[in-house]
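Dropping the structures in below, format is structure tokens.
After this come two complexes, each holding chain A, first together with chain B and then together with chain C.
Entry: the complex of A and B
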């Protein structure tokens, strides 16, 4: 499966998905975009950032941003529990890849969703941001919302995108 | 290039030498000498004019193997053996077409040749090739050209320096050889012409001075730009516009030397007894692109230990520095844990303390890996001074010192442009015309000196000239004329401030605008660039005696001295350079305006007080300014006092990027990993001032943020 094709073409959405729980909902993230799953690390909040950007963490010496999937989907923020996890995803945006953490309530498992077991997301009113859904997938008699993770992180406008867009190693300029 | 255009007798002779050297190397006890002979003859064969790639390639590969063997003692006998077999069979086929071609000719060797055989027609473009050998050639050739330039500069200093001339010749010759192997026709032709001219100079037929010398420099430039074009990976790259012209001039000089261009190539002994091997082969590139085509399938992995330097992707370096930083923190945690738990054996303590020592050393090593010497920058400076001086008709000697001083790679890269501006200025405005110098009782030749040294944790770069110095009256007249100063201000201004006026945009004191300088856009850019590197620049000047520009730069951009302040129960990092002082205000120093805006009166200065907690959108502990600490800083064009809860000390931090440009406007310029492994945000006083003035700090607060900060109840909503 080619991830480029996926980005361009919604129809191609079968494959391996890492499923996770947010509130009572099951979401799937393409396994190929997941770099690792870590426990919740101390988060340093970023002032003036978009609501769903929790802040930044130290991922073995790299500073990466963490987004809260609950807040992103308009649900109330909840303190992380024992089961909460940060899924570290890597998104290749053409030239540069961005590494970002996503806070979810629980990571379930990896499941295979057959191409013919997926359908387009149903039409909702504008309270639901269906642009970040690749579609709905059925596996093991569950229904999983397949996430377009790049779209999720692109957020609700350019502000959020720049907040999460972390081009590699640009030296910040401090003016004396 | 068609096959068979090389001289067959020479090739036969060389092949014989190769074969006899091979049998000698396996039988005699003086294996080293035999290997050297084998290597020399192989390389000679590869570099033979017109030798087709199918022979040249394995010959070069074998020669390289032998070279490595010489330095690390690895046994490469089998590989060399195989390559020599290949050379001899390929050559035999070429020399004797009737002989049936050997069936097992490896196809890797024919394939790149086909690709390279595309006709390199005309001189306007040349075909690039995706040959794996090409990358290696480019790297080597670039190094050769750079060393040739260095030697040529020596030669300009001391005409008739035979060693330098030979070295330049060898470098160009090697580039030519490589270009021949890779069938890079335009490059080959140009290198050939340049080589011919250099050869005439070696024979004493022409003197490398004036025009021929300039032409040499230009030739090196053109060769470099062709290489750059090839390196950019374009399918076919445009040749530099001066290509044809310079080529014609080179050939003209060679003709004047009264020798047909082709003739002296024959005279040049093709196999050099000591092959012009590069001083350090840039072998250890992450991947070894040349390995697949030359190594037989059963080849052992080659060891390469002779590389004096290694090229590593910056990203890898950065992530290594990151990981080492993490290792330091983890080690500290282990140490902490061990000291808290009793009953651990003495051995374990020793091991842990050893671990921490090693870790610290590793950290120093990792940080030093980003450092590069200023040598190349200085070399470029020498070249620039020479070029500009000859354009301006001035005679200038360039001196340099401390070129081994090391600086962070990023700093060195960004230092280049400002330095060029300053050097141009020094040549064009600083040093006077020879006649004027003589009239002033100074030697006709001016001196420009560039030196670098360490001073209290910073690197100082001094650019001085023995020219006329800066003209106070002229600068002031300009400043008054452009409305910058009034007459009376100008008269009262101390010299040191007058010199700083040249950093003002729009002030150029050159009396004529020349092609090199004088448009008044240079020096303000210089200062901006240097300040962007967190450096500073000072000027000293004495009329009649010359000027000195002193640049002070931090060793690295990656590390800053910082004060850790606390607000809202979290640490934040303030770069020490941005802070004038900290103070705990007395109640009488703080007043409020309209019940809200606070101001601080200190030493006749009135500064607004901005509460950091408010700017960051949380609630600080210091409800009263007198309970907190004030950091005096400035940003966005004014000074202000920043109220923080507490100061937790001073430390060096490694800057990590947050990437987004918008961060700076939000008052955050980056992040750093603190001693306990958490992330601390680096504050940007300029951005904070903007946030304060826009009132954004109070307006927005995200629930997640507030909750994550364990903030108290929201007081202003």
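Entry: the complex of A and C
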């Protein structure tokens, strides 16, 4: 991803976001990248994987990897609750689309964030890699971390997308 | 030694003396009689000698009745012979004793003359005829001898008289001696009687007087004590009546206690059964609570289902919203519908959550209710137990009350008996008091009698030592028996408050028994 892309992305970072909650923070995921929302399914652990990669699930015949946002953001793992959901996202980096599950504590709603209601992410937070953020959005008096979900899954922070068994520049093994 | 036996000796002595004097008198009389007989017979001998001479003369002269003269002569000869023999040798039939030597000599002389005279007289007296000479000789002899015979007989009579006089003097002397002996004996007996009979009698009389005084004192004490006992008995009788009345009240109270105990027993049993019913109800309540709990659990499950459905609906709505967003402008209407569905799902979830909370709350309350009902059950059990114990205690109280009632009955009868005894005691005390009064009078009489007796035995028989204990006797002694604690009265030697005043004059009247007054006896 080059700086132009970044700038472009940031330029049109307003739009529809699916908000979810991890720990006490609200995160927003671009709706266009969300495939669907499902409840928690049995997860088959994946050996020799990163800590935030919980394993794989069987979604209507498709096997997809599931990442835990808590662990990804350096928080301790927590057993899923009744409110926990898996958001199935489809990341399209031009050639291939990659489908991955993200375990969040709760899914809130779909909200619209205006362009002028967004700001750049602050650079002082070490815990959240600012490269994973599109910015901070404000909606309904809430402040939402607008996640760059592809960067989250690919990021080199505590976890890297490659660790999921999905090299960033390669085709994923499982394609729909 | 009894007086009877003591009197035997002087009586025997006096009796013996009497016997001796009587015997002596009889002897003297017999002697005198014997002497008189001898003198008489001797006198008669003189007369016989003259008559024999006269008969001989008559026969000699042959005048008158020869035969009669002869018989008379013969008789006279025999009589003279017998009498002379009696005089000589003693003859009991003639009351003649043996003569003494002088008399016997004179009588021998008479006998000598008589033997001759007798020979002549016998011849004369015989019927054989004699010649004149012979007859004259005989007569002459007789006449001659007659004078001798008369003279000797006179001598004999004189000797006899002298002998009788001497005898009489001796006898008189003997009688004087006996009289002196009797006087001596009388004096001795008098002295002995005084020593051995009168003095003990006097002592006894004196002691009797002392005893009598003490008797009077003690009688006074007894009278006072009896009066005291009688008044005490009367007071006791009053107290006993009060006791009986109190017992009556107690009996009534005990009976009402028994009735109340029976009522309380009934109430306790009712409380027990009510508590038992309550226990059963609490059990039912527990069952109902348990059922409520299980129903709540069911409801909780249902709520969970609803929650799950709401969750799923929410997810569906979210997915619909995502799809609507993707659809862009075309999906806007759909997005609104999805939003509404999501809101409905949210509300359903909220309602389910609220219901769950309510169910939770009601569950907690049911649990609390169960705890409370269990506590109520325990309390009811405790109440049951307590009322059981109360019933038992009340039964015991009732039993104790009946025992008390029986005891009170027994006490009542005992009090009645005591009352009777007290009445009889009072009567006895009164009687004893009057008896003591009589005793006092009797003692006074005995004292008078004793004084008389002392007068009889004579005051010189009294010895001061007999009166000494009486005089030294403390007058206050009766006060000791009034109440044993009256020490001052003993010290002062005067009857104090307790001593009856009636005793005072009695005792001063008894002053006669003091040593001074004894001298007046």
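The rule is simple: the second predicted complex is superposed on the first by the 147 of 176 C-alpha atoms of A that agree within 3 Å, B and C clash if a C-alpha of one lies under 4 Å from a C-alpha of the other, contacts with A are read in each partner's own complex, and residues count from 1 in each chain.
The working rule: a contact is a pair of C-beta atoms (placed from the backbone, for glycine too) under 8 Å apart; a residue touches a chain by one contact, two chains touch by 3 or more.
Quick caveat, the model's predicted, so the values are computed rather than measured.
Student: On the A-aligned overlay, A:109 touches which partner chain: chain B = first, chain C = second, or both, or neither?
Tutor: second
Student: Name the contact category of A:16: first (chain B only), second (chain C only), both, or neither.
Tutor: second
Student: Tell me the contact category for A:131 with respect to chain B and chain C: first, second, both or neither.
Tutor: Touch partners of A:131: none, neither chain B nor chain C.
Student: As a test of reading the superposition: which chain, chain B or chain C, is in touch with more residues of chain A?
Tutor: Of chain B and chain C, B contacts more residues of chain A.
Student: Between chain B (first) and chain C (second), which does A:36 come into contact with in this model arrangement: first, second, both, or neither?
Tutor: Only chain C is touched by A:36; chain B is not.
Student: Using the superposition on chain A described above, determine whether A:82 touches chain B (first), chain C (second), both, or neither.
Tutor: A:82 contacts chain C only, not chain B.
Student: Hey, what residues of chain A end up touching chain B and chain C alike?
Tutor: No residue of chain A touches both chain B and chain C.
Student: Enumerate the contact residues on chain A facing chain C in the complex.
Tutor: It is residues 16, 18, 31-32, 34, 36-39, 82-83, 85, 107, 109-110 of chain A that touch chain C.
Student: Tell me, which parts of chain C touch chain A in their complex?
Tutor: The contact residues of chain C facing chain A are 307-308, 311-312, 314-315, 318-319, 321-322, 324-326, 335, 339, 342.
Student: Quick check: in the complex, which residue numbers of chain A touch chain B?
Tutor: It comes out as residues 42-58, 60-63, 65, 68, 71, 76-77, 79, 159, 162-163, 165-176.
Student: Please output the residues of chain B touching chain A within their complex, sorted ascending.
Tutor: Residues in contact with chain A: 314-315, 318-319, 321-326, 410, 531-532, 534, 557-558, 560, 570, 575, 577-578, 615-618, 635, 655-664, 666-671, 673, 677-682, 684-686, 691, 696, 700, 702-705, 707-709.
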